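There are two complexes below, and they share chain A, which is joined by chain B in the first and by chain C in the second.
And then the complex of A and B:
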C-alpha cells in the first residue's frame, strides 16, 4: 500500500466514523440510527485494517476482523431486535431539537479539534493527525446520551462513545494488544446484552422505551 | 500565444457555454422527467418536451397583472441575464473561460442569488396570496441554505488556496488525490443538498405538483404567463444545469478542456454533457423513492448540510 493510498483510506474511514456519529443525531427513525451504527463499526474496522497493513501488524488485522464482526454485525443485530419489537420506534421528542443538536455537534467537533491540538502536535504522523476525529465522535456520543430519550438511542450513544475511544486507541498507539482489545469488545458486548434485557423488561413493565416514563411511579 | 488568441478563445468558449447551458438545461429537465416517468411505470413526455413547451409559451400573448409594478417584467430578464453571466465565466467546458479570473465562487453564488431574490420580489409584486406565500417560503429556504453554502465554499477553497473556481478545478486536475479527501467529499455532499434546495427538487419541493398548499416555487411564479413564463422556465432550467455542471466539475473535472483547441472544447462539451446527464439521471432515480419533506423539517436538512460543510472545513485544516 503506497503512502498516499494509506493516507486517504485512513482519512476517509476516520471521517466516516465521525460522520456516522453526526448522522445519528440527524435521523429520527431508530432503525436508521442502528444501521448508521453498523456502518460506523465497519468504518472503524477499515481504520484498523489500514493501519494493520501499513505497519505489517497481523494482530491488528485480526482485531480489524473482530471489530467488523462485533461492532459491524453482532451489536447492531442485537439492537435491531429491540427496535423491531417497538412499534413507535422514532426519537420523536429529543430534549434538544434536531437542528440545534446538529449545530451543537458542529461546536463539539471544533472543541475536540482545539482540545487535541497538543496531542496531534506530539504525534504528527498520518494516523496521529486524525485523533481529533475520534475525540469528536466520542463527544457527539456523550451528547446523544445526554439529550436522547429512548432507551435504544441511549444504547447507541454509549456505543458511539466506545467507538470514538476505540478510534483514538487505533490512531494513537497503532492498536492496543489483542487481549486488551478483546476485553474491551466483550465488555461492550456484555453491556449491550444487559441493556437489551433491561429494555425488554422495561417494555414489559412500562409499555414503551421512553426513559421519561421511568421518572414517575407505576403500579 | 498572443493575448488576442486568449481573448478570442475565452469569448468563443463562453458563448458556447451559455448556449450549452441554455439548451442543455431544458433537455436535462426533460431527461429527468422522462427517467422519473419510466421508473414510475409511465411512458412520459419526450425528452425535448420542455423545449417545445418554451416555444409554445413564446408564441403566446403577453399577459401581466394590472397591479404589478416594473419588477414583474424585470425579474425574468434579470434571472436569465445573471445565470447567463455566471454560465459564461464558470469553468464548464474549459478551465480558461472569458473573465475566468473573476469567476470567484462568491461571485457565482451571489449572481445566482440576485436572480432568485428578484423572482421572489416579483412573486409578491402581483399582490396575490399564493405568490406571497411562495416567495416567503422560497426566501426562507434560501436563507437557510446560505450559511451551508458559504461554509461549503470555504471548505472547497481550502485545498486550492483560492476561491476562484477555475483555479480550484485546475488544482484538482493537477492533484487528483484531493477529490477523495474527506474535506472535498463533505463539501460536495453539502453542496448537493444545497443544489437540491435551491433548484426546488425533491425532497425540498416537488417540481411536478400543482397542489397550491404544498408548492413553493410554482406558487411564486403562479402569475407569470406566456413569454414571461417561458423566460422564467428557461432561467430556472439554466440555473439548475449550471449548478449541476459546477458540481460535477468539482467532483470529477476530467475531460474539461485545458488546451486551446476546438477539439479539446468539443471533448469538454461532450464529457460535461455525459457527466451532468449521469448525475441528473441518478437524481431523478433517487427522487422516485423520496417523499417531500414537511416545510418545518427543512431546517433539519439544511442544518445537516451546514454541519457537513463544517466537517469539511475542519478535516481540511487537519489533513492539509
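And then the complex of A and C:
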C-alpha cells in the first residue's frame, strides 16, 4: 500500500466515523440511526485495517476483523431487535432540535480541533493528524447522549462515545494490545446487553422508551 | 519484664476485652469485659507509676502496626499522669457498668466498644508521634460516638446528640491534624521530639497554637465549642458519661498542654491570655448554666464545662507566668491545673455514676420529678452529697486543694509588672470567685431538690437502693475524694514530676512537705490533714456541747418538712426551676429564659381561673446565636443544591458534557 493510498484511506475512514456521528444527530428514525451506527463500526474497522497493513501488524488486522464483527454486525443487530418491537418509533422531540444540534456538533468539532493541537503537534504523522476526528466523534456522541430522549438513542450515544475513544486509540498508538481491545469490546457488548434489558423492562413498566418518564422515580 | 511490656500487654488485654464484650453471650459479656479492662488498667497504671516514680520514659516503636509511619509509643511523666487519671475513672465506671448493663450497655456494640474506648484512652497520652496520636484520637472519637448512640433506637435525643458530637469532634480533629501537619511539614520526622526541635516563624507558631487550642478545646468542652456536652452527656449511659466527662475531656486538656508547652515550648504572652479568656468564659458560662439546669446530667455536663474552664484558667496563668519569667509561679499554676483535672475526674465520675444510679432507681433524671431520695437510697444519697461538696470545693475534700492552689498562684501573680497580666489576673480571680459561688448554687440545687424534701412523683417515691456493685463503684470514687482532700501530698510527687515534664525549664519543684503543702519561696501554706482533723473535732464538739448543754424539749410529732403547716403536698416544695429562678433573674441577659404562662379561665366567668400553667426553659444562648445560623445556612445550601439534581438523566449527562467541554475550552485557551 503506497503512502498516498494509505493516507487517503485513513483520512476517508476517520472522516466517515465523524460523519456517521453527526448523521445520528440529523436522522430521526431509530432504525436509520442504528444503520448509521453499523456503518460507523465498519469505518472504524477500516481505520484499524489500514493502520495494520501500513505497519505490517497482524495483531491489528485481527482486531480490525473483531471490530467489524462486534461494532459493525453484532451490536447493531442487538439494538435492531429492540427497535423492531416498535418499528415506527422516532426521535420525534429531541431536547435540542435538529438544526441546533447540527450547529452544536459543528462547534464541538471546532473545539476538538482546537483542544488537540498540542497532541497533533506532538505526533505529526498521518494518523496523528487525524486524532481530532476521534475526539470530535466522542463529543458528538456525548452530545447525543445528553439531548436525545429515547433509550435506543442513548445506547447509540454511548456507542458513539466508545467508537470515538477507540478511533483515538488506533490513531494515537497504532492500536492498543489485543487483550485491551478485547476487554473494551466486551465491556461495550455487556453495556449494550444491560441497556437492552433495561429498555425492555422500561417498556414493560413505563410504557415507552422515553427517558423523561424516569424522572418520576425521583423523590 | 520491662515497663514497656506492661504497656503492650495492657493494650492487648484491653483489646481482647473488647472482643469478649462483642462475642460472649449477654449474661457474661459485661462482667468478662470489665475484669479484663481492670487488668489492662492495672498494667498500664504500673507502667505509668514506674515512669512517674523516676524511671526512664518508656519508648517503643513498631513499624508493622501502621503502614508507612509505624506506631511510636513514648510515655513521658506528663503522659503517665494522664494514663493514671484515665485508669482511676475507668475502673469504677466499668464496675458501675456491671449493674447498669441492662440499661443500654449490654448490647454487642456497647459492650465491645466500651473496653476498646478505655484502652484507646489509656494509650492516647502514650502516643509519641503525630500519626499514632491522630489514629488513637480518631478511634477515641468514633468509639465514644458509638457509646453515645448506644440508646439510639429508643431515643431521638440520643441521635441528635450523636450528630452534634460527631460534627464538633471531627471539626476539632481536623483542626488538630492541620495544626500538627503545619509543624511536621517543617520538622525532621513526625515524632513529638522532632516537632519540638523545629524552628517555625512566629506567625506559623501562633497559627499552630490557635488551631490546637480550638481543636482540643472542642474535645475539652471549652466555650463556645461546648454545645455537644449538655446533649451527649445526658443521653450516653452513665458509666460512659463518667468516662467522657472525667477522662476524655482531660485528654483534650492534655492536647493543649502537649502543643503549647511540650511541642512549641511556650510562646508570647497573648497566647496565654487567649487561653485564660477561654477558661474564664467557660467557667462562668458553664457554672451559670449548671445553676439553671433542671436535668441532673445536663447540670453535671455544664459543670464539666465549668471545671474545664478552671483548668484552662490555670494553664493560661501558667503560660503567662512562664512567658514573663516567673517560673516558680508557672509551676504552681501547672500543678494546680493537673490537680484540678485529677480531682475533677474523681468527683465528676462519682456524680455521673450516682446520677446513673438515680436514673436506674427512680426512672428519671429530671430534678423536678425527683425528691426525697436520701431516705430511700441512703448510701447513694450520702455519697452524692459528699461528691457535691467536693465539687463546691469545701474542705476537707479534694476540690478545695485544687482551687486553693489556683487561687494562690493567681493572687501571687497579680501585680508582677506586665501590663496585660496585671489586668488579666485580677479579672481571672474575680471570674474564679463568681464561678465558685455559682457552682455552690448548682450543687445545692442538685442535692437539695433531688435528695431532700419529699418525692414529687410515684417513680421517685418507689425508688430503692441500687445493687451493691454500683454503690461500691461510687464509694471507691467518693473515698478518693476524701483521701485526695485529706492527704493530697500522696499524689504530689507524681504531679510535680508531670509538671516538670510539661515545663522542662523548671529544675526542682517540691510543694509537699510531709502532709503539708508549701509553695516554695512564695508565702502560702496549707495543712489539709490538720484542717480535716480540726473540722471533725469542731463538728463533734459542737454536737456534744449541744446535746449536753441545751435542754431539748420533748419530741413533737409533725409532718416532715411541714414548716408547721397542716396540709402539705409534694407540690408545695421548691422545685429545681424555682430554686434557680433568682439566679436566672440576675443573669437574665445571659441566660434569656423562655417563659410561658397559660391561664385557663372557667367557662362561667373570666374572673375565675381554672388552671395556670407556667413553663420556663433555658436553652443554650451560644447554640442559638452561633450554631443555629450556621445550620440554617447549610440547610439552605443543601436545599438549593437539590435543584441541581431533578432526577432527569439528561440533566446529569449534560453536566458531564458541560464539564468536559469547559475543560477542553480551558485547555485550548490556556496554551
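Here is the rule we use: the second predicted complex is superposed on the first by the 214 of 219 C-alpha atoms of A that agree within 3 Å, B and C clash if a C-alpha of one lies under 4 Å from a C-alpha of the other, contacts with A are read in each partner's own complex, and residues count from 1 in each chain.
One rule holds for everything that comes next: a contact is a pair of C-beta atoms (placed from the backbone, for glycine too) under 8 Å apart; a residue touches a chain by one contact, two chains touch by 3 or more.
On a predicted model such as this, the values are computed, not experimentally measured, just so you know.
In this overlay on chain A, chain B fits alongside chain C without clashing. Looking at the shared chain after the overlay, A:145 reaches chain C, while chain B stays out of its contact range.
By the touch criterion stated above, A:8 is placed in contact with chain B alone, chain C being left untouched. By the touch criterion stated above, A:124 is placed in contact with neither chain B nor chain C. Residue contacts after overlaying the shared chain place A:98 against chain B, while chain C stays out of touching range. Look at A:114: by the touch rule set out above, it reaches chain C but stays clear of chain B. For the three-chain overlay built from the shared chain A, the minimum Cα spacing from chain B to chain C equals 16 Å. No residue of chain A touches both chain B in one complex and chain C in the other. In the complex of the two chains, the chain A residues touching chain C come out as 95, 108, 111-112, 114-115, 117-118, 139, 142-143, 145-147, 149, 154, 211-212, 214-219. On the chain B side of its complex with chain A, the touching residues are 177, 180-182, 185-186, 299-300, 303-304, 306-308, 310-311, 314-315, 317-319. Listing the residues of chain A that touch chain B in their complex gives 4, 7-8, 11-12, 14-15, 18-19, 22, 26, 98-99, 102-103, 105-106, 109-110, 113, 120, 129-130, 132-133.
Listed in rising order, the residues of chain C touching chain A in the complex are 645-650, 653-654, 656-657, 660-661, 664-665, 667-668, 671.
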